[in-house]
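Down below is the structure, laid out as structure tokens.
Chain lettering (A, B, C and D) follows the sequence in which the chains are written, and residue indices restart at 1 in each chain.
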């Protein structure tokens, strides 16, 4: 059983180390999630259970890898950003990509019942993923702004589209026609004038997606601060966010105080 | 909300198309599965439930992608081999790798309860993966022989090691010492002389792993042949196997008759 | 002078090994050679001196690297094909590419005066290059056919175009217009009917480019065969060529007898 | 002559675009230059003609590509650094690498006679090359410091080694033994005490190599400043150099005044 006769095939495995000193983004995306959402009765235009499950799966990914600096999720996608000096798996591309992707997928299936009470998972979902490198702080911040600008545009459209259907009794085709050529202001006005909805008052998780990062919180009893992963819905398009979190991309060990509310994800870590 | 201001970050996504006309192997591997096996009371040295779950998850991967020619699994790893003229996702490496990896992972978690009755999945498992290209039929066959030679060597060792512990009452350290420097014949003799075990009679799934490929079977009632994915445990180190399955790497649409037993996986497809 | 403080920058050099067991094609191409040809009074449509200099430079490349199986040149481009089991420089892409490219360029400049007597080289020419991998014999043969089909199409066009100008007194614009929409037969007819030229009798080096490969020739005096690099202008689009040279892609050490004429390149090796 | 039948082979050419917004270093290196130097009677330990030819060839490369920010040469190697936002050839790796490499090689051969009067070039030399990316200003500066620290270490060693041989009448083996285990201070002392040589007074071009970059100089007659490529031998290991040339890596169009002497390379551009 001369294993060694065949072992030469190992030489076909080529090195895929990533360029050092660059931020590594692993972005994963639900495959055929339009169908998956329909098959599992996702609420339109946003299903809070689905978003929270995404966040919870992502939280478990961030918790496992200290080299992860920040994660950002919206709709059926999540971006995980490694520190630029990350040496995990010697920066081997396939290893980093598949480990994050698999851990996320497994968590999504595993924790399904926690969020979708009464809605059985009918089949295993699939997420694909890719790695992109960014060399400068400006580039990586622009990446996050790009993803968040995307959620804004999509969510305003989807909110108006589904309101026209669900409350305005239009057919999908009619709703699409109605929105054709409209700009943001038009959609805001449709919602406000016709349906008495103020888009600005929509839940932040819908409008802005979710940012996961490490902050410190004070435990109620002890008052001693703990480092935890927080899930926030801040506006990353505002410079204020980056002033406040400027430490993030500085290879610093600084950690700032969480000033927002105590979420389920935070509480789970403190208990 | 000038999305376009940030959209330049998309140009950092580089093309990762794989060389045409080469066999694409996606190999996935359980991460920290020693610990995972312990945490979930896997039988030593082989847990049939675990192997069957691996096969069942892999079966769902093969079922989804017609471009998959053959899959081979052993222990906590599985190799999926795409046809050399596969054009799926334009042969983009990350897309192929993560889709297979994620689909497998999700299926493993999703179908856990089907195989591990009474053994709760304590946490989501992770699989990593990589892609390797092979240009010739000889190389791809040697790849499969390499993986099967590996299972033989490991399984004979593990079977003897655990028999020494479980039936021979040695400690793991004593068993390791006992086996140090032994060759295959020595291990066969230990099993036979000391424990009256004939290694050759061990289950094929343990000794050879599992091959998944498309064959035709006759439905009992109708007699009409159906194309199904079969799970077999043939000896790929023998040339006989490759004569019989020579069509596999010929870009042919040929499909041969399954001559083995009707497994659960086959029956599920016929019902 | 702590060199070691800076030596970390070496880790940014990533491995670029090429997939084993595939044919490596290095194709180099003259940069801005239209202008270069004008600046050096190249004869239109073909300059024999220029083609012979290309061949001679390529001959020196092939001579240096035993791992080179065959080279094929036409116009201002040359393709060098390494054996599929070539291990030169551990198959590092950049090393292979630049070594061939640089050796060719240096030879082109160095041997200029041998071919362009009386025509001074006005400035150093530049060649760019790329590497392409081919996994099968069929692919690598098709690659060579592709390059030779290209020279045929271009040369028939150029020969007719320049004949219309030089002998037919058309302006370039008129000649272009005249040829617009014509097929091969039309061009052959223009040459034959209007200028009494039989395209088939044009020199083979113009119509077919040049193949460089190792063959054996008998020395006149001794009769003992020597292995030499021969420059031939055979038709690689005919299957006959591949039957005769079937050994080329077989990893064989076979070497066939050269049956053509004794060229300057051959004679130089025998003297 | 169905060219299209074979044209599919073009799909085997894979995209090799380099990550945007990173500094591209093309480093070229003389192949077997120990032998080449011996064959052409290079003066030991440094041949000024050879260094000046390297600089002159590099000057012609920098002159051709505005996207080149700075070049640095020492011994038989030269590094060319492209602006980080360089879009030349769409940042295709092979194209950038071979064009620079070929242009340099051709220039080296072409201008040989200008520097090596009376010393015939016996055969065409070869340079290999590679591309390395650096994401930050600190990295690219450290790269240049690394190469300059290298020349310092090598040149002090070589100067002492060859002085021991040429003036001290040691054999190469004896000189090597003598230097074994010595640090910089020891070598300085050997030169000073035994040979009355002050290493610090050795020519800058030997001790520091040559930096090529664009600066402005005033033409003597007109007084109007011109942008030219200057060849300087500054100490890049000192922070002073980087303060003075801080504009270099800022994507700025700033250009500073040349304060050094008027070299042949500068004068050629002004005439």
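Operating definition for what follows: a residue touches a chain if its C-beta (ideal position, glycine included) is under 8 Å from a C-beta of that chain, and two chains touch if they have at least 3 such contacts.
Since the model is a prediction, treat every value here as computed from it, not as a measurement.
Enquirer: Any chance you could check whether A-C or B-C wins on number of contacting C-beta pairs?
Expert: If we tally the C-beta pairs in contact for A-C and B-C, the bigger total goes to B-C.
Enquirer: Going by the average position of its CA atoms, which chain sits the greatest distance from chain B?
Expert: D
Enquirer: Determine the centre-to-centre distance between chain C and chain D, using the mean Cα coordinates as centres, and give it in whole Å.
Expert: Each chain reduced to its C-alpha mean, chain C and chain D end up 32 Å apart.
Enquirer: In whole angstrom, how far does the Cα centroid of chain A sit from the Cα centroid of chain C?
Expert: Roughly 53 Å separates the two chain centres.
Enquirer: Round to the nearest whole Å and give the separation of the Cα centres of chain B and chain C.
Expert: 47
Enquirer: Two or more other chains touching the same residue: where does that happen in chain A?
Expert: Chain A, residues with two or more chain partners: 12, 19, 21, 133, 139.
Enquirer: Show which residues of chain C lie in contact with chain D when the two form their complex.
Expert: Residues in contact with chain D: 1-3, 5-10, 12-13, 28, 31, 60, 94-95, 97-99, 101-103, 105-111, 121, 123-134, 139, 142-143, 145-146, 149-150, 152-153, 184, 237.
Enquirer: Enumerate the contact residues on chain A facing chain C in the complex.
Expert: Against chain C, chain A makes touches at 11-12, 14-15, 17, 19-21.
Enquirer: State the interface residues of chain A toward chain D in the complex, per the touch definition above.
Expert: 19, 21-22, 84, 133, 135-136, 139
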